[in-house]
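Read from first to last, the chains carry the letters A, B, C, D, E and F; within each, the first residue is number 1.
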Amino acid sequence: MIVKVKEPLESEYSLIRSGQIVFTYFHFASYKPLLEAMVKSKAICIAYETVEDSLGRLPLLIPMSEVAGRMSIQEGAKYLEKPLGGKGILLGGVPGVEPAKVVILGGGVVGTEAAKIASGMGSKVYILDVNLNRLKHLSEILPKNVIPLFSNQYNINRLIKDADIVIGGVLIPGGKAPKLITREMLKEMQDGVVLVDVAVDQGGCIETCRPTTHEAPTFVIDGVVHYCVANMPGAVPYTSTVALNNATFGYVKKIADKGWELACKEDKGLCRGLNVVKGKIVYEAVANAFNRPYKAIC
Amino acid sequence: MIVKVKEPLESEYSLIRSGQIVFTYFHFASYKPLLEAMVKSKAICIAYETVEDSLGRLPLLIPMSEVAGRMSIQEGAKYLEKPLGGKGILLGGVPGVEPAKVVILGGGVVGTEAAKIASGMGSKVYILDVNLNRLKHLSEILPKNVIPLFSNQYNINRLIKDADIVIGGVLIPGGKAPKLITREMLKEMQDGVVLVDVAVDQGGCIETCRPTTHEAPTFVIDGVVHYCVANMPGAVPYTSTVALNNATFGYVKKIADKGWELACKEDKGLCRGLNVVKGKIVYEAVANAFNRPYKAIC
Amino acid sequence: MIVKVKEPLESEYSLIRSGQIVFTYFHFASYKPLLEAMVKSKAICIAYETVEDSLGRLPLLIPMSEVAGRMSIQEGAKYLEKPLGGKGILLGGVPGVEPAKVVILGGGVVGTEAAKIASGMGSKVYILDVNLNRLKHLSEILPKNVIPLFSNQYNINRLIKDADIVIGGVLIPGGKAPKLITREMLKEMQDGVVLVDVAVDQGGCIETCRPTTHEAPTFVIDGVVHYCVANMPGAVPYTSTVALNNATFGYVKKIADKGWELACKEDKGLCRGLNVVKGKIVYEAVANAFNRPYKAIC
Amino acid sequence: MIVKVKEPLESEYSLIRSGQIVFTYFHFASYKPLLEAMVKSKAICIAYETVEDSLGRLPLLIPMSEVAGRMSIQEGAKYLEKPLGGKGILLGGVPGVEPAKVVILGGGVVGTEAAKIASGMGSKVYILDVNLNRLKHLSEILPKNVIPLFSNQYNINRLIKDADIVIGGVLIPGGKAPKLITREMLKEMQDGVVLVDVAVDQGGCIETCRPTTHEAPTFVIDGVVHYCVANMPGAVPYTSTVALNNATFGYVKKIADKGWELACKEDKGLCRGLNVVKGKIVYEAVANAFNRPYKAIC
Amino acid sequence: MIVKVKEPLESEYSLIRSGQIVFTYFHFASYKPLLEAMVKSKAICIAYETVEDSLGRLPLLIPMSEVAGRMSIQEGAKYLEKPLGGKGILLGGVPGVEPAKVVILGGGVVGTEAAKIASGMGSKVYILDVNLNRLKHLSEILPKNVIPLFSNQYNINRLIKDADIVIGGVLIPGGKAPKLITREMLKEMQDGVVLVDVAVDQGGCIETCRPTTHEAPTFVIDGVVHYCVANMPGAVPYTSTVALNNATFGYVKKIADKGWELACKEDKGLCRGLNVVKGKIVYEAVANAFNRPYKAIC
Amino acid sequence: MIVKVKEPLESEYSLIRSGQIVFTYFHFASYKPLLEAMVKSKAICIAYETVEDSLGRLPLLIPMSEVAGRMSIQEGAKYLEKPLGGKGILLGGVPGVEPAKVVILGGGVVGTEAAKIASGMGSKVYILDVNLNRLKHLSEILPKNVIPLFSNQYNINRLIKDADIVIGGVLIPGGKAPKLITREMLKEMQDGVVLVDVAVDQGGCIETCRPTTHEAPTFVIDGVVHYCVANMPGAVPYTSTVALNNATFGYVKKIADKGWELACKEDKGLCRGLNVVKGKIVYEAVANAFNRPYKAIC
C-alpha cells in the first residue's frame, strides 16, 4: 500500500529551505516536479516509504497497509449492497442463510488484516499465499472460518467462480505485482461481485483496476464492481494519523536528539530513507527513474 | 424492525380477487387505501407482521431484524468515514491505535446481531438492556470485547459522551419505543458520531431520526450523522429473501396442505396473522386504527 | 438413537420373577418373544426408552445420542481413508490444503454433538435443520467453521454434490424419519463419500442404509461408503455406561427409596416408562404393535 | 516422519536415463539397490528428504509430518474403541463423563498438529517438550484444554499412568530419537491404551514399536495397542499429494526455469537435496552409509 | 448466598414508622429482635431475599451469588499462596508447569461464575452437578479447560485427592445443603488446599466451615485452609451495590408508581417478598420459625 | 524481575569450598559480602541472572517474570477489595455492571502474562508498549478484551485517570527503567487504585514504589495502594521452583556431563553466567560495581 493522498501542491513545497529536514511520504519516482523542487531546495529529504527496519521491512508503510487491509472488507461489504451495484448479499448471512464468500489474494499485512475483519463479520474466508510457513501461522492465529490455501492459478480460478468479494492484497516490494485476476477472468465471476484492489496505486494485482477516489470509489466492468481507491486510509484520518505517528515517533526522536547525520549513521534502516540530501539524489531507484546521477550515502 | 419496502402500487393489488389467499407484509394500519382495497377484494389477507409463534414472538419479523441488526454496524462503520461525514475512525483500529466505541441500545434480536458484528470487527462494544437474565446470556455467548450493561439514563448519558457509533435497537412490540436519545443529548456527543436507528419506521428510539432511503440514507444534526433507512434489509435482497422464505415456508406449506381455515384453526399463532377475511377486518388493532368494525376470528 | 445392543437371550430373561422390577432398555415393539416372556413373568418392566422428563424429552436416550453423535465424525474421518474405501481426504486438511466438507442432517442432540467434533477437527461443517430458533442457538454456541443452514431439498441437493461426509441425525420421536437421502441422490455424490446414519435402527433418514455391526460396519453402494452400525455406543462401553448411569441414577434412587408405585405416581415421566406391569401391557404403542389389550396406568 | 510408501520397484526405476532429473523421495541409505541403480543411470537425483530451507528445516518433510500428526489422533480415537482392542472410551467424553487423556511426546510439527485435533475433539491434552520457548508459543496458540509441560522422565512416568492415548512425535533430525517409552513402562499403563508412534520408520521413540501397514495397522503388547503404520499419509493420498505439491512446486519451477545447476547454485537449500549426480554420490551421509566415495557439490 | 452484612443495629431500625415501606434484606428468621421491631413498627417490610421472578427464582439474590461466585476464585488463588497457608501454587501455572486443579461443587449461579474466573486464570476446572441438562449447557458456554462432571460421591472423593482449590457452591433454596465435604474427607486432601464455601451462611456444603469475616477470613483444619467469609460481596461494595440496584430498580419503580398494594397484586413474585405488613407476619416460613401466627396475603 | 529471596546468610555460604561449582542467583552487585566470600572461596560461581540464550535473552529470569506477571493481577484483584484499601470493585464485574480497567505498562514477558490473567478474569485491559511489532503479535494471541496501545505519555496520562489497576512491567535489561508513573501523577488517579510494580527490585517504573515483603505487601500514598513485593514468586514456591528447574536443567546437565569449562566453551550464553572463578571476578559489571579488577573469560 503506497500512501499518497494527492499530488503535493507547489504552494506547499516551495516553502522548504536549504538544510531543512523533511520527513514524510515523497514517492519521488511518481512525481518529477517534486523531486526537482527538493533537489533545488537543498533540503534533507527522508522518505517514509523507503525507511527500513532491521529485517528489511518497511515499518512506515505497514500501518497504512493495516488500515487499508481492514478497510477493504468494510468497503466490500458495503458495495455488495444491491443499490450500490453489488449482489445484494449480507456478508455474514443470518442463521439459516449462507454467508458470503470472501477470497483474499495475499497473506501479508493487507491480507491478514482483511481476513481478521472478514471472519469477524461472519463470512467464509479463503486467504491465498505461496508461503506455506505463513499459511500455517495464519491458520494458528485466525478464526476457524478462515481457510488458508496455497495460491496457484487452479485455486484462484476455482474460488472466484462463486466468490462474493475478492481482495487484492499482493504486493511485490519494489516490483510489479502479478496480475492474478485478468480481464478474461471477470467473465467467470457472477454479477455483482465486488473486487477491492488494495495495491492499486502500484499497479495492483487485478488487471482491470485503475485508481479511483473516495468521491467516486467504484466502477463496473462485466458486471463486477471494482473498488480501487488509491488512498484508502485517507478516509479514516484519525486512525491513520495516530497509526503513522506511532511508527514515525521513534525516528523523529532520534533525528531530533542526534541530528539526521548521526541518526542515519547509527540506524542503517533510517539511512535508507534518505532520498535527496542537499541537492544530491542519494536513493538509487529514484535517480534511475529519471536518469539522474546517484550518490551513495548509506 | 417493520419491513415495508415501499407503498404498494394500486396496479399491483387491484388484481387480487375474492377468495384468494394473500400472505405477505401488509401493515394496514399505516396505509388505508390498501386496507380498503383488500376489504373490497374479499380476499383472505394473512399479514406476516402479526403472525405469532407459541411464545408470542413474531417469527416473520425476526429474520428481518437479524438482517437489519447485522447491517447496522456495516452502515455505522462506513458512515464513520470522513468523506461521508463521520469522525474518520476505523471501527477496529489497528494494533497500537484504540478501536472505536459502539453503544448498542437494546439487547434483543437487533442489538444482539449488531453486537456480534461490531465485536467481530474489533470495536469496543457496550450493549444495554434492562433484562438482567438477557445480559447474562449475552455475556456468555458474545466475545469478550462486548460489555453487557444495565440500561438506565445514567449509563446512556455516560457512554454516549465518547461513543463513535450508537445503534438504536429498542422496540416495544405493538407500542412506541421510548426516546432514549433526545435532541438535547446530541449536544453531548462528538462531531462525526454515527447514529443508526433500526426501529425508525416505528418511531424509533432516537428522537431526531426520521425515515430515509437507500438513495439518501443519512442526514446530519448537530454534527451527528443519522442513518435511518426505513427498510434496511431491502439493500441485501438475496439474503433477506432467503431468510424470509425460511421463516414463511412452514406456514405456506400448512396453508397449502390444509387450506387456510384448518391451518389457522390448528395453529393459533398463524390465526393471529389473519387481518382481513372476505371483506371483514378481523385484527382488532387494524380495525381500531380506522374506527372500523372488528370481527373476532381466532 | 435407539440403543439395542443385541437381541436379549432367553437364558438371560428367563430368570426374571414375578414382582421383580426390571429397569432397562426393552424395545418391546421390535422383539415379541421378550414381551411375552415379560408378560408371563409378572415383573414390573420400566423401559428406559419411554421414560420422559417434564418437557416430554427422553432423558435416558439423550446420553446415547450424545455418544453416537460424537462418534459419528470419528467414524466418518476413519472411513474417509483410502484403504477403507473413502476419498483419501484428511478431515481437517493441513495449512494450504482445503479441509473436508461435512454435511449434518438434523440439528438435534446427534447433529449438534457431531458438529462439535467435526468443527474441532477442522472441517467445514454445514448443519441443517428446519427450526430457525435452533439454528440461531447453534450459531451462537458452535465454532465459526460451522454454518447452520435451513434444511430443504434445495440445500441438501446442493451440498451433497461436493460433500465428503454426510451425517444422518434426523429422528422423529415415535415416528418414521423422512428419507432425506434417497437411492437416486447417491449418484450425485462423489466416489468415496462416507455416509453415517445414526438413526439407522429406526429406519434412518438415508434410504440405502441398513443396520451393520462393529465387526462389519460398512458397505458400499454406487461408490458411497455407508457406515450404519446399529449400536454405535457399544464400541465405547466405558463412556456409554457412565453416561447412562448418570442419567438413570436419579430414577433408580427414587424407585429404591419409594417403591415403583409411589415413584411413578410422583413422577409422571417415570410412569411413562412403565411398559409391562404384573402381566398387563400398560404402554399403548406396545400393546397396539401386537394387537394386545392395553391397560392405562399413568 | 520419513515418507516411503514402499520399496520402489526395479521395473519403475530401471527406465531412468542419463541426464534425467529425478526429484522425489529416495531415502537411499535404507535401500542400496536403488542407490546403485541411480549411480549407474547417471541421472540427477534430488531427494525431497534432504532439501533444506534457509533456516535448515526440511520443507519437503513438513507437509507429511502435518498430515501424520493430525491423523495420529484420528487413529488413536478409533483404536480406543473396544472392538478394536482399546479401552472403550470416547475421546471427548460427553457432558457429565470425563473425556480421554492424551499425552503427546514432542512439541514439534507432529505433536502440535496432533494437539490441535486432540483438543478439538474435546480430550484433555498434555504436550511435552524440553524447549520452553516452544511451550510458551504452544500455550498461546492452542486451545485451553492443552497443557504444555516440560518433558522429563518424571512427567512422562506420571502422565502415562492414566493416559488413554500416547502419541510419539519426537524426532531428532538425522539422528536416532530417544526411547521415551520403554518396554518396561508399558506395564505401568492401563489395558487398552493406544500408542501411536509417528516416527516409527526412523526407529521411533517408543521401544516396542515396529512398522506396520494400513492393512494390519496395530498389534498389542502387554495389553497396550500399538499403532505404528510406517506411511501414515498414504491413507489420505488426496490431501497428502496436494500438500506435497504445494511444497515442491516452487522448487520444480526453479529447476524447470533455470536448470538444476543454476537453481542449486542460487538456492543452497535445494543444492542440499542433490544426492546422486551423474554417477557420483554427492550427499555425505549416503556415501558414508555404504562406504562409498563422496564428492562435495554444494 | 445469603447476604447479611451484619446484625442491623437497633439504632438503625428503631426509626422506622408505621406505614413506611422498607424494601431491603431482612432475613427475619435468623434475627428475632428485628422481626419484633418490625412487627411493632407496623411498617410494610418487603424482603429482597424472598422476592421471586415468574420462574420461582430469587432475582434479588442472584446478583450477590454472581459476585460471590466470581470472588471465590480470587480468594482461592490468593490463599493458595504459601505465606497465607496455601500450597504455594500459582493458579494458572506457567508454560511448562502444570496449573492448579479447581473443583467446583454445584453448577448453579455461584459455581458457573466461579468456573468462568477459574478457567480464565488458566487452571484445570471440574464443575459438578447432578443436572445433566445444566452440565451440557455449561459445556457449551464455558472454555475448554472446564470439565462438567456428574456429581456423586465417587467423583467428589476422586477429585479432591489432588485438588488445589475446592469451591462449595451448592445451595438448596429454602433447605439445608448436603454436606458434600465431611470432616473425614479433609484427611484425603493435601496440605495447603483451599476450601471456599460460598453458602456458608446457610450452613454451607462443607462440614467444617463456620462463618468468618473479611478481617479474619480463614482458619486451618487438618492442614486445609478454610475461607468462609459470610458476606463476600461486602468486600467489593461498588460492584455489589450497582449489581443489586440493577436488580431492585424495576421493583422500586413499580412500588413508587403504583403503591405497594397494587404493585404486589400485579406481580405475584414481588408479593412473595412481603414478610411483615402492618404488624402481621405474612410470610409463612418466618411465622413458623418463631411459632407466630401467619396471615396469608398473596 | 530480579529474584532475590533474601540476603543469603553467612552461615549458608561460608560452607562453600574451593573448586566447587555454585549455580544459582547471586546478584553480586547488590550484596558485597557475598561477592567477597565467593572470591575468597575460590569457587566457580555461575549466576542464573546473567546466563544468556542465543538471542541474548535471559532464560533463567524469564520463568520468574512469567510467575510474577501472572501473580500481579491476582494481587491487584485482591487489594482492590475495600477492606484492603482498594476501590471495592470486582475485577470482572458481573453481567450488567462494568468490569474494572487494568492498565499494563510494558508488553514484554511480565506484561503479556499479566494481560492473559487480567483478560481471563473479565476486566478491560490496556497493554502499552513502544514496539509496534510486539503490539501486533499481542493483538493476535490475546483475547479481545485486551487493547494493545502505543506507549506514550499522552496515552498513559489519559488511561490512568479511570484505571482501577496499574501494572508496572517495564524493564530495561541491565539499565534503569524509566519512571512512567511519577509521584505527581498519583494525584490524577482515583482513591483506591492499586499499583503493582513488578520490577520494583530494579528501581521499578513507578516512582513511589519501594520494595515490600509478603508479610506487609502494601502501603498507601495519596490514596493509591502500592503493592511492591520484591520477590513475588516466593509466595508460590511450588510453581516457581518447578518453573526454574525446567529452565536450569539443561545447563546443569551440560555442566555435569562436560565440566564447567567445556560446557562454557561450547555454550557462549552459559559462559556469560560466570561471575567469579577461582578468586577472579570475570563479569565486567560486577567488577565495575565495586571497582575491582576484571578478568575476561568468555
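Here is the rule we use: contacts are C-beta pairs under 8 Å (C-beta built on N, C-alpha and C of every residue); 3 or more make two chains touch, one makes a residue touch a chain.
None of the values given here were measured: they were computed from a predicted structure.
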{"item": "Intersection of the contact lists for chain B and chain E", "value": "C, F"}
{"item": "Fewest hops from chain B to chain D - one hop per pair of touching chains", "value": "2"}
{"item": "Chain centre separation in whole Å, for chain D relative to chain A (CA means)", "value": "40"}
{"item": "Mean-CA-position distance for chain F and chain B (Å)", "value": "54"}
{"item": "Mean-CA-position distance for chain E and chain A (Å)", "value": "56"}
{"item": "Separation of chain E from chain F, taking each centre as the mean of its C-alpha atoms, in whole Å", "value": "38"}
{"item": "Of all residues in chain E, the ones touching two or more other chains", "value": "63, 66, 93, 95-97, 119, 122, 132, 136, 141, 150, 242, 246"}
{"item": "Chain-to-chain touches, reported pairwise for every pair that qualifies", "value": "A-B, A-C, A-D, A-F, B-C, B-E, B-F, C-D, C-E, D-E, D-F, E-F"}
{"item": "For the chain B and chain C complex, residues of the former touching the latter", "value": "59, 62-63, 66, 141, 242, 246-247, 249-250"}
{"item": "Contacting residues of chain F [partner chain A, same complex]", "value": "130, 132, 136, 140-141, 150, 152"}
{"item": "Complex contacts: residues of chain F adjacent to chain E", "value": "63, 66-67, 70-71, 74-75, 77-78, 80-84, 87-97, 113, 116-117, 119-122, 214-215, 234-240, 242-243, 246"}
{"item": "Residue ranges of chain E touching chain D (in the complex, touch as defined)", "value": "93, 95-99, 119, 122, 124, 132, 135-136, 138-139, 143-145, 147-150"}
